[in-house]
Amino acid sequence: MKNRDELAGKVPPELTPQKYPEGEMTGEVDYTEGQDITHQHAVQREKPEPSLRREGEASLGTFPLWLIILCGAAIFWAGGYLMLFSGAFRSDVYSERRWDPGMFFASGDGAGKGEEQTEKTSPQLGEIFYKQNCTTCHQATGLGAAGQYPPLAGSEWVTGNNKRLASILLHGLAGPITINGQKQAYSGVMQAWGPTLTDEKIAHILTYIRQAWGNSAPPVTPEQMAAARAALQGHAGAMTEEDLLAIPENDTLPGGAPPAGEAPPAAEGGAAS
Amino acid sequence: MTAATLEEMPVTQTAGPSREARERAAIDTSTRFPVLLFYASALFWLFLASLISLITSIKLHYPGFLSFCAALNFGRLVPVQNNLMFYGWASLAGVGTAIWIMARLCRVELRYPLFITFGAALWNLGLIVGTIAILAGAGGPFPYLEFPGYAAVLIFLGYSAIGIWGVVLYRFRRSGHVFVSQWYLICAFFAFPWIYAIGNLMLHVLPVEGAVQSAIVFWFAGNLFGLWLTAIGLAAAYYMIPKVTGLPIFSYHLATFGFWTFVLFYSFRGLPAFLGGPLPSWVITASIVASVLTIIPIATVAVNHHFTLRQNITMMHFSPTLRFVVIGAMAYTLAGCLNIIFSLRSAGHFMHLTMGARGLIQLDLYAFFSMVMFGCIYYIVPRLVGVEWRSAWLIKLHFWGAAYGIGLLLLMLLVGGLMQGAAMMDPGNSFEQVYESTLPFLAGSTIAQVLLFFGQTVFGLHFLMMLARLGRPGGAPTLIVPQPAEVAH
Amino acid sequence: MNKLGSVLGGVFALFTLGWIVMVAIPFLQLDALEPQVDADTGDVYPVNRSGVVAQGRAVYVANGCVNCHSQQLLPGYADTGIVRQWGTRQNVARDYLYDTTMLAGWNRLGPDLSSIGKRRDDAHWHYRHLYNPRSVSPGSIMPPYSFLFEKRKVAGAVSHDAIAIMKGVLIGQPSYEIVPTDDARALVGYLLSLDRTHPLPEALTEAKEEEKKDAEASGAGDAETAAPAAEETSTEKGAQ
């Protein structure tokens, strides 16, 4: 097979060895050091450095026709594909096959935007914060996981002394703990939430868990939580069962009106150990 | 440069070697130590990476193999293998080749080679630190970004020394007109630090959260394979094919057009590997469109190479350089076409999340890039050490091991991946049944890894012999099949 | 093409264009996402996980679990994961809203784990599986992770989370139990927390897609499709 230049009767000049014009070299190559060139057979027998056909000389046309057709077809296909499968470039279309052209003109359907919070009571707020922070371990049912995470439903630590409960939330809990008569049934570590959650949030959570799943105990107010944080400030590290029991039964958090008709908090926490 | 200044002037006739030969010898003397250091490190990492690949391939049949300690865990060995193949073997061999080609094409000696040597040392240190970190459990979860930040910084600093020097060579070039390989190398030298820095910054240093991490990860991998590795591979192929055959590149315009479309479309590649994933579909669609449009640069390069080589195709039979490089260039076309086909969702979802995805990567990394690098090493090393390769038999063994090994590996991974994907799409197959249907392909890929490991070890030993100057004295090149002296290159 | 500046400038411009389209614009789009809050139940999804779950995620990353397991379910035409009960719907960006490391994965040598916490909620099963996968999952190719467990003498009563007891060699010698280390506990805690089945409006399920097709076929307007969609959401939740 011959290339087009051969067919046209022209032999490309590049097939003869290159000669580098003297004038192009800016400065002498220093090869007085280094080894004797006569032994560099590989370098001597090399063909010249590769070149492109130079501009202005005879080349194979400005642009091959097949390439122009290929480009045109590719761009046409690309445009069609983008129109069909890009989901109108919206950020909420994840399945490119299920959308309609009307979405190009539709406004966002609000996906991804949080709802407005209407006025909610403390247990309702507590439920929201509980679901944001606690359900991964204690579950939405408050039952935890056997051997892994303690239950909150029916737990004497939840319904009992609110200062002990507050200390668990503020400082975390480490080591074995006995719940509902099961001795040392849970030996994990709960992280301290004091640094990451505000007093209001912890108070709402505690109110929620003390009144959910059949639990019945007085709520905890943000002021009580502030007092707890101040009183327990000196405690370093997580609480252990001994630390919790070291808080006397009748030492509850000051303030906070008990719900109407209920006995004082001190008498509520009767089921401990 | 206009045609007027390129008029041919008579060259002073000197007795003995020509002026050009003396110039080339001086350039080679200046690049000798850094390039040989790059090649030596690259071959060491290749040896290590292929050993680890063999181990992980065995673990796919026998999960209990070497499972007694955490460091030899499959989940830790696979990142080590991938990163060492990419940043160890491929990148270092690529850099060595790039420096040599750039120096030769710019016709300028490499001054202060210690600077680049220092860069190589830092890079190797980064690889060592990163490997130990992954084996100790400090690795990350992102493909090709598993090295922790401190190792990545070392590699980045090592690269900076090298990349700056590469651009300096170009800046102070002596030749007038610029060859296409130099454009590709400039693209590679520029792109690597930006891609590497942005990927590591956005994922390790100032991490973004959530699903956009996947966009960054796949953008990173696609761009690094494209604008760094493929660019160096194409530069090397564009250099070696006309250099060895003595023929000019077929078309300047095709080369220019191919280069700019390459940069444009390869910048958007990567995301089809994440099809159906938790990103808005338009991102993946845009990347698929760009992937399909890469047919333009691929066709351009293929035509350019084919018509350049066509007149002298028989040289492939006896020249080791040309054999490896041309097979690599053909594999580039095949890799490009398969990547295009499997980037479309209708075909791609059969390969997605199967071993076929690994096969497509190996097609790029090994069948294209590594083969081109082997060819370049076969060409360049005799010019740096002054002796020819010792034994044609060792070259043949390496070639058979590499070619049959990669051919078998690709067959197993790609066909196996398609079968695995098709089996998964039938919900009647349980997951265990799907795995069992892939067992023959996994066994085949282990055999392929053995072949590759054997070929590479032979090559490594041959290279060590060259370093010790245990080669044949110069005169004629070591060819796979002996030929008369006129075809010497 | 001979000037360094023109080549560098062109490469820089095209490369930056690619980065803007592939990375910067998706980042801006996804940065504005918020968790889904259901007005009636107060459910928030997803939740920001910390504590033992975050530690477990670090163990997951350190052991390279992402090299074999994916955590993403694709739409039905590309993935049979939903039919295989690996989840209830495809995963979308909001499923990973609070993930500091996104572990969607790229390989399925093992099953998808995006909702494993819902599918296998028994910690003991996970401990036994990690220690010796083939004991609970025959034919599994998962390597054993026995280094995540420690063997120690039984002190008093057997630990409640011991997965195996081995008798001492001689009669009267103490028995040994195999208990999970903190790393194993954290990892299992992380796995148990994985549940991405909560319905999201942008994640089309098969049922929603059918509905949408019906609505389009009957030519209903946007308001009418919104009402059945809301009912569908609540019936799905009721069924769960």
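Brief remarks on what is shown
Chains: A, B and C, in written order; residue numbering restarts at 1 for each.
Throughout what follows, contacts are C-beta pairs under 8 Å (C-beta built on N, C-alpha and C of every residue); 3 or more make two chains touch, one makes a residue touch a chain.
The shown structure was predicted, so the numbers you read here are calculated from the model rather than taken from an experiment.
Just to note, of A-C and A-B, the chains joined by more C-beta pairs in contact are A-B. Farthest from chain A in terms of Cα centroid separation is B.
Centre-to-centre, using mean CA coordinates, chain A is 33 Å away from chain B.
Rounded to whole angstrom, the centroid-to-centroid distance between chain A and chain C, based on C-alpha atoms, equals 12 Å.
Residue positions 176-177, 278-280, 286, 345 of chain B each touch two or more of the other chains. The set of chain A residues touching two or more other chains comprises 91-95. Within chain C, the positions touching two or more other chains are listed as 26, 29-30, 33, 75, 77, 90, 92-94. Residue ranges on chain C touching chain B, taken from their complex, read 1-2, 4, 7-8, 10-12, 14-15, 17-19, 21-23, 25-27, 29-31, 33, 60-68, 70, 72, 74-75, 77-80, 83-84, 90-109, 111, 133, 138-147.
Note for the complex: chain B touches chain A at residues 2-3, 5-12, 16-26, 28-29, 104-105, 107, 109, 174-177, 179-181, 238-239, 241-255, 257, 278-282, 284-286, 288-289, 292-293, 295-296, 299-300, 303, 307, 310-311, 345, 382-383, 386, 388, 474-477, 488-489. On the side of chain C, the complex with chain A involves touching residues 26, 29-30, 32-39, 42-44, 47-53, 75, 77, 90, 92-94, 121, 123-124, 160-161, 185, 188-189, 192-193, 200-204, 209, 212, 216, 222.
Taken together, the chain A residues at the contact with chain C in this complex read 91-95, 97-98, 100, 106, 109, 111-115, 124, 127-128, 131-133, 135-137, 145-148, 185, 188-191, 196. If you check the complex, the residues on chain B that touch chain C are 1, 59-60, 63-64, 67-70, 73-76, 78-79, 137-141, 143, 167, 170-171, 176-178, 183, 186-187, 190-191, 194-195, 198, 202, 207-216, 219, 223, 227, 256, 260, 263-264, 267-268, 270-271, 273-280, 283, 286-287, 290, 345, 349, 352-354, 357-358, 424-427, 431-432, 435-436.
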